[in-house]
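Below are structures written as structure tokens.
Next, two complexes with chain A in common: one pairs it with chain B, the other with chain C.
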Partner chain A sequence: MLRFILRRMVFSVGVLLVVSAVIFLLTHLVPGSPAIIVLGADASSEQVREFERRYGLDRPLAVQYLAWLRDIVLHGDFGRSYISGQPISGEVARTFPVTLEIVILAFLFCVSVSLPLGIVSALYQGRLVDHVARIFAVIGVSVPGFWLGLMLIVYGAVHLRLFPPGGFIPWSAGLGPHLQSVVLPALALGVYYTAIISRMTRSSMIEVAAQDYIRTARAMGLSRRRVLQYALKNALIPVVSVSAMSVGYMFGWAIIIEQVFNIAGLSRALLSAIFQRDYYTVQAVVLVITTVFITANVAADVVYRLLDPKIRGVAA
Partner chain B sequence: MTTPQHGSPLAAGLDRRSFLRTAVLGASAASLAPFAGAWSVEGAEKVLTIAVPNNPSTFDPVNAANHDAMVVSQTIFENLVEVDPDGTLRPQLAVAMPKVSADRRVYTFDLRDNISFQDGQKLTAEDVKYSFEYVLDPKNNALRRPLFNRISRVVVESPTRVRFELSEPYRPWLYYLTKYMGIFPKGSREKHGADYFKTTPIGVGTGPGVFVEWRQNDQVVLKKSPNYWRKGLPYWDRLVIRTIPEDSVRVAYLTTGNVDVISAPPPKDFVRLKGVSGIKGESKPTMGGWFFLMTNTKKAPFDDVNVRKAISHAIDRQTIAKRVYYDLVDPVAIPAPPRGWWFSKEANDLNDFDLEKARAYLKKSRHPNGFEFEMMIPSQPYLLDVKDAAVVIQSQLAKLNININTRILEQGVLLQQLRLGNHVSALQVWMSPGEPTYMIDLCYGKDNVFSKSSGYENPELLKAIRESYHETDEQALKPVFARMLRILAEDSPHIWMGFVHSTNLWRDSVKGFEVNQGLTMRVKDVDKA
Partner chain C sequence: MSAVAGAPAPTVVAGRPGIAARLASLLRQVLASRLGLVGALIVLAVVLAAWLAPVISPYDPVAVDLELKLQPPSLAHLMGTDQAGRDILSRALWGARVSLLVGVIAVAIGLVGGIVLGTLAGFYAGTLLEQAIMRTVDALFSIPLLVWAIAVVGIVGVGPITLGPLSIPNEGKVILLVGFLYVPAIARVTYSVVLAESRADYVRARRVQGANDLEIMATEILRNCLSPLIVQATLFIAIGIIVEASLSFVGLGVQPPKPSWGSMLADARGYVFSGEWWLPVFPGLFISFTVIGFNLLGDALRDVLDPRKREAGLVV
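Our next item is the complex of A and B:
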């Protein structure tokens, strides 16, 4: 297992390198100088040139890329933002935990609702609970995250006044206000994957329930509870994999959620940096999100191997 | 695969309640129970919270670009004179308006004697000289240097008197101070470095707000200056400027009382919300907020003046202003606001909506049977969303068999295209200091930053612009501007739609708030009950 993890990690570093090059290239190929955004539309050509010289944007792309990569690898330095002039590492350190907390809460919501819902739907297939779960799933998958977020704000914050309309209130302001500030964003972020995973759990459970070994187990007189445990363990293999991957995807979806809920997290920093052509911030944040995604991927593989003995013998 | 119709084999005999209980427990654990109590934590301090849609990029007034975010620099820094919310020049750090020499080249200011910087240091004429010399020194690469580069010398006559000598008469420069200049202590740039003014300008202004912190994409916090020269002001102890890009979320923050004042509410919501109990709203026409179609006179079909005139006459601006922007745009067909003293009805009539004239011009043009052209539109609205207006224009021009192909571009990319003159046309909203010649010179002046956006050159216009710099009296200036506007109306290098309003909504607990025609919120005199 250790060798497997090490091998995956080495492979992941390679993927990160390729991703970093692609991000760098794509970001710099977008037409329009960041100077226009930072200095304003009426900046003169000399001022634009001076800005580009100051930030090294007038150098060849390959030189810029290698210098950027060197600073990250040797010094852990993502560079400075054109906009704020502050080190991006500090910005990432400040915003990453915000997004991470929302994603974790969304994931917890997702798992704690989708698994029971999927299992119950499978067990009572065709019954009322199954139909209700299906309706929830269709709505959950169909409703756009930004719209759901706005609806939660309208009803949860504006009408009922149970939650703030947005913003991230730190722990230091008190546990209650803090949790209130993250409930709606986590809910808006988690609903889509709750719907997906609940349907996946249901179909997986139904498929496993029809297998010969379940019938054999029941024929041998095993208790219902024990039979369910066996079925669940097998049915959860694909579900666990998708759940782990959903953490990575949620970091991407958080862009919309953080924008709607006005949360100064990592994903909002990315969106803002894109609009402001803050190249270094865009590159740094995408790299961080890619790392999270790859980590989630590796974690999914590891859990997969732990759950399924058949895979353990197969070389990665 | 067999799938039983009514429950799987596993369900038989299983305790259904235990499953339901598990599911309900899981759901409850995740949907954390709301806690009672307010979420905005305030102590005994009086905190004024305002919301703007855009992030600041700098707090240094000499490099300022974003009009929303200027609320920060204008609360930290002050100037010799200021433009008030109605667009009138008033003395600020100066005791009175300057004495101007007969040849309009020398401006003498007397400073107030009771002004200190936020760090306690007394303001003198030396600080004023230092601040202007910093901006004028090309080495410092101040973004706004071109606006002041006619100042050839700044002379300190006494600790409270300073004299500005100009290389040539240049009336507009006083109007640019509020947005693009600030007075800072002598030696402060060398002491702190340029980035200090950009990101953490603590103690270097004379304004009522002292910089505390800036969290990117989140908020800027200022605190009350104990040394502010206007005694008793500001009323707030702390000013929080929040960045909330989403229109509807900004409105939700206001309605739930999480912010006290918001800028740029969506026009539709503005009309509805200003009548809601507990919320007040007001709009004021800006003097420099252009809404216009930037046509490129170097490219077909806009290389034909008859085409430009046909389009100008074919656009029903009143309908757009009323139906799309709920009267938050003043419709005009020339580059002058209808409420500005330099507005010329005669010039406006030369360009205004008249379908018969539109047809006549089209007939005279090189495209009598109609044509199609590309119109660029910004993906992210700045000040106003122009997408709906573009659709209305599209349908209005279709009556003349003129078809528009819209192309949505990110604003930064679009601006680059405009600077280079690569566009055919672009629908834009721009904000400026409101001085009559600022935008005219920028777009139609010789070799200016956006000269290529029109590709237009007219020596008569340049002569009129220059002439306007030499005069300071409004009455004497009116005929000069009438001539300038007539030239522009006849040639229509761009097609003007109107002037945008500055709009704000605020909680009724806020006292003394006044909408600023210059767009940037003014919070110096604002109190909160």
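Our next item is the complex of A and C:
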């Protein structure tokens, strides 16, 4: 098990290294020097040279990359944004918790709704509950999250006036207002994965219920409760792993959802950096989200192996 | 023709029915299920809407008339008009074109890439080639491709790319990136089928008959991948439509004034609070119904083609 985790981590670090090189090359090979973006097209060549010297852009690309990587790994320093002049790490530290909170809330909503829904749906297969749950699941995977967000604003914020129409209200303004400001975004973000996970739970339960050991348990006269316990333990293995992965995916969709709700989170920092052509911030945020995503994936794999004795002993 | 009219119909001698016959039987089985029929009808309606948009649109989708701006739904404008006085129904019908275009071509790209990689890796199992391909696929699975698509479009820019006399609009980049999103998933499915089939007796028999690797891959093995890939392709079209709409919504997809559902919703964002509900509601309904159609069709296909009824894994 330890060896598996170790191998998985070495692989992940490798992927991160490749990925960081790719995003670095992408932002540095795109036509148009940052100097021109900042100083304007009519800047003199001396001004441009001075700018490039100040930001170290006159060095060879490989040297720039290694220096960038060294600062990130050793000091957690992503450099300065040439648009705002501020350190990018500060921007990341400010916006990351906002996105993380919304993703966690979405995840909690997702798990607390999808697991009971999927289990009940499987237990009462073909009955009314099951039909309703399946219709919800099809709609849930089909309605785009950003449009759901818009509709939640139209109905919940503008019509019912129960929620603020957008923006992030910090904890310091009180628990109630704070929660009100994050409920709708979390909902819009979580519904897609709620639908996916409830479907997975249902089909996994049905598959397990058809296994021989469940039939044996029944035949032995075990109580319905005990049999359900056995079935659940096995049926939930793939579900837990997909749930962990969905956390990573939600960080991606948060880009779109934060835009809908006008929330200044990490993901929106990415979009505004894109539109300001602040490429250093873009590469930093992409790297951070990729790291979170990879971590969620490793966690999913490890949990899967811990839970499933069938593959626990098998080498990666 | 009359000369052969009396001749008996040619019969298929081989035990396996042809592709056309198999598809016809597949279609019959899908349409026999209620939800599959609904899905097929929705998909048919959207395809017709996209194809006939120039004929059935009541108005020019890009004609600006500020005197008619923000008109609520009426007999003249069934879904109202937007902030520039453009007819929302006409824009939505034309928007179906771009959505389907992106959805279908992206899946085609993903299929080509995924099938080539998956087949090579599965066929040459145990070689360095398999290791190289499958580790790359693993790596691609462990990074958030949606975020990367957003960053790549953002860094490269949303302007058209000119190739000689050809000017490819931003949709071209979106199609390519969404297609790339599917490659790892399709490669994995193909790989697992090919891995199982390439050791089967009938493949060995073909080899004894003198068939070379390419022939066997193209004829015998791919035939077995058809079922799972048809299911995935249909479900992936649904995902592609959502991704395109989301990218267009944040300004990184289809560029205005070209009508697309996502960019219509981006325009509508400004009118969410002021009561012009028809701006955000109708384009979103178009997206949702289209995606529901493809999802229902995909589910029905899976019920027929995949007896284990596996749930598709996460790709976004």
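As a convention for this text, the second predicted complex is superposed on the first by the 276 of 316 C-alpha atoms of A that agree within 3 Å, B and C clash if a C-alpha of one lies under 4 Å from a C-alpha of the other, contacts with A are read in each partner's own complex, and residues count from 1 in each chain.
Note that in this section a contact is a pair of C-beta atoms (placed from the backbone, for glycine too) under 8 Å apart; a residue touches a chain by one contact, two chains touch by 3 or more.
Since this is a predicted model, take the numbers as computed values, not measurements.
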item: Fit or clash - chain C, chain B, common chain A; value: clash
item: Which superposed partner A:102 touches (first chain B, second chain C, both, neither); value: neither
item: First, second, both or neither for A:299, with chain B first and chain C second; value: neither
item: Partner chain in contact with A:158 - chain B first, chain C second, else both or neither; value: both
item: First, second, both or neither for A:259, with chain B first and chain C second; value: both
item: Which superposed partner A:150 touches (first chain B, second chain C, both, neither); value: both
item: Dominant toucher of chain A (residue count), chain B or chain C; value: B
item: Partner chain(s) touched by A:286 [first = chain B, second = chain C, both, neither]; value: second
item: Partner chain(s) touched by A:191 [first = chain B, second = chain C, both, neither]; value: neither
item: Partner chain(s) touched by A:141 [first = chain B, second = chain C, both, neither]; value: second
item: Partner chain in contact with A:275 - chain B first, chain C second, else both or neither; value: both
item: Location of chain C clashes with chain B - one stretch out of 63-71, 99-107, 189-197 or 279-287; value: 63-71
item: Footprint overlap on chain A, where chain B in one structure and chain C in the other make contact; value: 30, 150, 153-154, 158, 165, 207, 259-260, 275
item: Contacting residues of chain B [partner chain A, same complex]; value: 1-14, 16, 19-20, 22-27, 29-32, 34-41, 55, 57-58, 63-66, 141, 143, 146, 195, 198-199, 214-218, 242, 244-246, 248-249, 252-253, 255-256, 258, 380, 410, 412-413, 415-416, 418-419, 430, 442, 449-450
item: Parts of chain A lying in touch with chain C, wherever the complex brings them together; value: 11-12, 14-15, 18-19, 23, 26-27, 30, 138-139, 141-147, 150-151, 153-154, 158, 165, 196, 199-200, 203, 207, 242, 245-246, 248-249, 251-253, 255-256, 259-260, 270-271, 274-275, 279, 282, 286, 289-290, 293-294, 297
item: Contacting residues of chain C [partner chain A, same complex]; value: 135, 138-139, 141-144, 146-148, 150-152, 154-157, 238, 242, 245-246, 249-252, 265, 268-269, 272-273, 275, 277, 280-281, 283-284, 287-288, 291-292, 295-296, 299, 308-311, 313-314, 316
item: Interfacial residue positions of chain A with respect to chain B in the complex; value: 30-34, 36-45, 47, 50, 81, 83-86, 91, 94-95, 105, 108-113, 115-117, 119-120, 122-127, 129, 150, 153-154, 157-158, 161-167, 169, 173-177, 179-181, 183, 186-187, 190, 205-207, 209-210, 214-215, 218, 224-225, 227-228, 231, 259-262, 264, 268-269, 272, 275-277
